[in-house]
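Structure first, then comments.
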């Protein structure tokens, strides 16, 4: 039995509150159990220097935790004067993931800034960030379409992320909470589209190793989780989901 | 008439949600109109080097804004690698204000970290931070008392903060929202106790000056605002308020 | 009795040596008792990005202390690699204060850099910096007028700053030296024009509070000190003072 | 056909020169085609604070490129004053990988610093670093054993790393050189033991996605490459290899 | 003829004002023509980690310029967040030079901090800093002797520094002012004892070269300058000079 | 006798391997005994802001050591986030030295970046860097000439550098290895042209002094070493040497 009574293939309770903050073009508060992340999408009407004049846009992401999002207070990265390796790894992952499902040539010379701020952490903050950021991004794109900033809908597929892992006693698990994550022998983050195409796969043996058979079991679990998350995203996005869905049906 | 229809002496709608995040010893989400700040109080069982061995504690504060708390996205201070002068000024103000109403010798060799994270900004974020942080502090002290960490209640008085200002057309105003703040000729932040004793007074003529007569009018307005804010704090704190109130009556 | 035998309303000996260093457009060495600050005003023929193309100028200030300006040697901020919160607070205060008495549209697209370097500290370094910087600024403006860089005199009023405070035994005091400042319960910095209009007012209860009655006494003391300081400024500025004085008479 | 004429499942020429620099306890120069990395292992007789008093050791890694290891000169990270996200990601990966095949309780309270400095880059620098660092680590452990610093041999398994990827025209490829890496749709780094157990798996769709079928093909390719690399490591390590091999046979 | 009418072997007017600031154990204001430097010596009762427990002391130096010490305003190194290469070079030179004439085992486990702050620059700031710092150091040692902190006088020789250089038209010159320094083909700083023993010699061809014959002429000039500077130091130090002189005679 | 059996005037074995890395326009691996440095010259088609529009180029140098180039591992300067004073001193020295033998007006508006990375250190790394960098520079210039980027050959003279020093027992020594360098009383770096013209001369008494007679002996030793080094450079440069040599003969 898992610490919170879930079955191995069961997600924690997922909640996505759209328009959680008023200024950004798109924003949500996503909760995966006790993990809570504010995800916002901000549109800036210019691109970084390496893209200027190419007629296409860019998506970049930043990730942070409030100092007391965790059991022990963390020192703010602004006070330390530098961003940790873990933070950098996560924000690069979020950015790459979102760029995989958007046609950057359709957003014009614009940068979309994704900000994921964890206000409460209980494992799986990076995957919750990606799943929530996708919704914030879709809301922002809808707003930009309505404002006439873009002619064509740029998001080409759904996208969600989930963690899976292996614990000695319990075997393969979906959606690890913090206690499980700390004890797991193998820890894997999976970013997938609605059609189970992989975008990112990051598996780590924590002072341990894993076999290809285990890898397969973990991917099966992840597919189930991704399906539930995308169902939730569709529900929140309502009519906007149809625009994304359309693409899936065509293919 | 003010942009949001308020009278000059009227506060925006105040809401304080206690226990907003689960890990910190004390936490609230305070809203003053559209300004929303998560305030947490974290207890650490040691003091900074300059206080070691003196048997007394310390309170320090940190303040930050989510990048998209504002109309225009701000660059994260962690990305810039340094904290701005404005941020430093505000966190020093919050720390000093709270230290004025707590008997540091009663909390033992502990540091209380106050974190104020603005998730949505519409003027008055520093005063909302102080007003909210006071409640988070009181909740944390209650928890520490119950856990037997302290023998005597350390908070000696109520404390709240409010902005006041002068606009050419409208005269003296209480609780400026962002539009008013940007246009005001004089901008003043007032930190006061329940008995209208001043703790901090910071008035600035923005490329303008102000007379002592205007100062008096501003302080009258501030007193009214402080009264309402402390009433709200009492309501949220319930029985805990009585502990603080006691002191007031004794004197 | 005060440690140095002064009456409560008495300033320390004020000395302002103009043209103390040769390269800057304006410079003074100001002494307030044992506090000594080199203030310089440098004119740069361009403005920061946020002001470009608006036909107006900017004033910004920097403040620092020599490492051994104080009883204990301070680590240089250049060695630490960052500027402290206290320094930032002070340099923002100096800049804001000077901007309140200058018509920035009359100086053209220029930045005036004010540098205040404390070579010996004995309390009141920020107020001495403002009082001295005003003279350095006036000297620089005179030089720029003579060089034909500006057509109209831009300084619209006199400006000086002084500290006041409350000590338990001695009550309200003007112009605190370091020993008094360290022991004071209330510490207030007042920046005023020649006509007693307030520009900045920063009062702090140091783990203490103060009443509005005390505030009034402190402001009365400050007005007296400001009068003496401006008299001294007029004396040093000689004919240049007349240009500033003129404005006062007209109104 | 690949740009350098290799078959899809073919490695570039691998060379490992042991004892390349004289001061470190272990060192190699590894070449994978034109990619050349100096890998050193340094033993320090203490552990980071979080491990003190636990009787076990630690392995940490740092990675850097000479400024002109690449076609275009890169700005030194020491000049920029901060380490990039890419560098952090890589050094965390190297450290985690090596920790998975060493029994840290057998090395005592010591830190092993792995330094991987790329002197010439042509794709696959992170995987070459891991493969080379493993040999440097083994050499350092041998030296420490001979010096009587450890009683039991701590390395429990072989370890090597290789990149695989998908290119539109050519399909799945082993060991991508820079030109291939830049053009690949999917890029995956695989860290494996001698028995094909996975330690790290990092797959990324570069603005693209990949299926589980493709994943399987990539892992098959990787297994072949890992076998060749470990054969090379065995050859260089000579008798030392037997110590590591022993473990494999026992299980 | 030189720009200021001096002969090639002539120093600028030298002035050394002792006890220029009140807090440091030793301080002077040294002027070499228009170059003015405040030099202070501060005694700290502990040594850096690498010297702890060895019963000997340390001397370290820091150097800075006020932003407007120069014709063009320089950005503060504290604002830039890092110390320039030039500054580091100079402070290392000052520290090394002073350590050459002091017996560090006689000052006990103490650090002497030398601070050289240039308030006005007109060439030769590093050599003026060394010459002035020597006097500040001697004053501080005298104070420490009187306070009973040391039993034996630690300074074993006089020390001064001067610049020499080569200009195409004028040949070899002593004590270059800024205009000469900027135009010189060869620039050399010489640090010497009273008996013409060399401590530091730093000669640079500025996009030019120099012969050993020129080197000899430059050293002859430097010896003359050093003699005059040490005479000035003796005059300022009065009786303290005798303590230093004594050593010279004995040998 | 010296630790490695050399005579006082004897160089260590010198080896210069040209084209050691493939990407840079010029590169060598230079060995002076056990000291090994990779020197590269990279041509960038623009100049720093202070030179724009003047039709001339610039040479700048960077220097670093691999962390385990030394007996004890050094912390990477990129990890520390700042470059040490020693590093800055060395890179400024390398840049200045090379600029003395090149006619910058002949290379057009280009910057040549010299990178010296010490992979193994045993004393004399800065002089080996200069001697090696000269060859890398000449190789890069040859390549640029062949590519038609320049019309005239810009290098006007040969250049090499060597260390000399004084040890109590052994007297004056050429080319100090690390053990000698650490024990030497006087340490001097000499940068010279093929005709024994001085470019840089940096002599330091390490808590000691030296006489002009000693200086002369050291310069005699240096001249001998420089002759051997330039002979080696000529050998490696082959036909390119003739271009540089030509100039010498003409004069």
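Each chain carries a letter (A, B, C, D, E and F) given by its place in the written order, and its residues are counted from 1.
Note that in this section contacts are C-beta pairs under 8 Å (C-beta built on N, C-alpha and C of every residue); 3 or more make two chains touch, one makes a residue touch a chain.
Since we're looking at a predicted model, the values are computed, not measured.
Q: Can you name the chains that touch subunit D as well as subunit E?
A: Shared contacts of subunit D and subunit E: F.
Q: How would you label the subunit B and subunit C contact, same or different, if same means the shared numbers make up over half of all numbers there?
A: same
Q: Superposing the C-alpha atoms of subunit C on subunit E takes a rotation of how many degrees, nearest 5?
A: 180
Q: At what distance in angstrom does the C-alpha mean of subunit E lie from that of subunit A?
A: 61
Q: Using mean CA coordinates as chain centres, what's the gap between subunit A and subunit C in Å?
A: Roughly 52 Å, centre to centre.
Q: Quick one: report the Å distance separating subunit D from subunit F, using the average Cα coordinate of each chain.
A: The computed centroid separation for subunit D versus subunit F comes out at 34 Å.
Q: Which residues of subunit A are in contact with two or more other chains?
A: Those would be 81-83.
Q: Graph of touching chains, which shape: line, ring, star, complete, other?
A: Topology of touching chains reads as a ring, each chain with two neighbours.
Q: Give the chain order around the ring, anchored at subunit D and oriented so that subunit F comes second.
A: Order around the closed ring, subunit D first, subunit F second: D, F, E, C, B, A.
Q: Contact residues on subunit C for subunit B in the complex?
A: Touching subunit B: residues 82-86, 88-89, 91-92, 96, 99-100, 104, 157, 188, 193, 196-212, 215, 219 of subunit C.
Q: Taking the complex as given, what residues does subunit E use to touch subunit C?
A: So the residues of subunit E touching subunit C come out as 21-24, 27, 34, 36, 38, 40, 42, 44, 62, 64, 66-71, 73, 76-83, 87, 113, 115, 117, 119-120.
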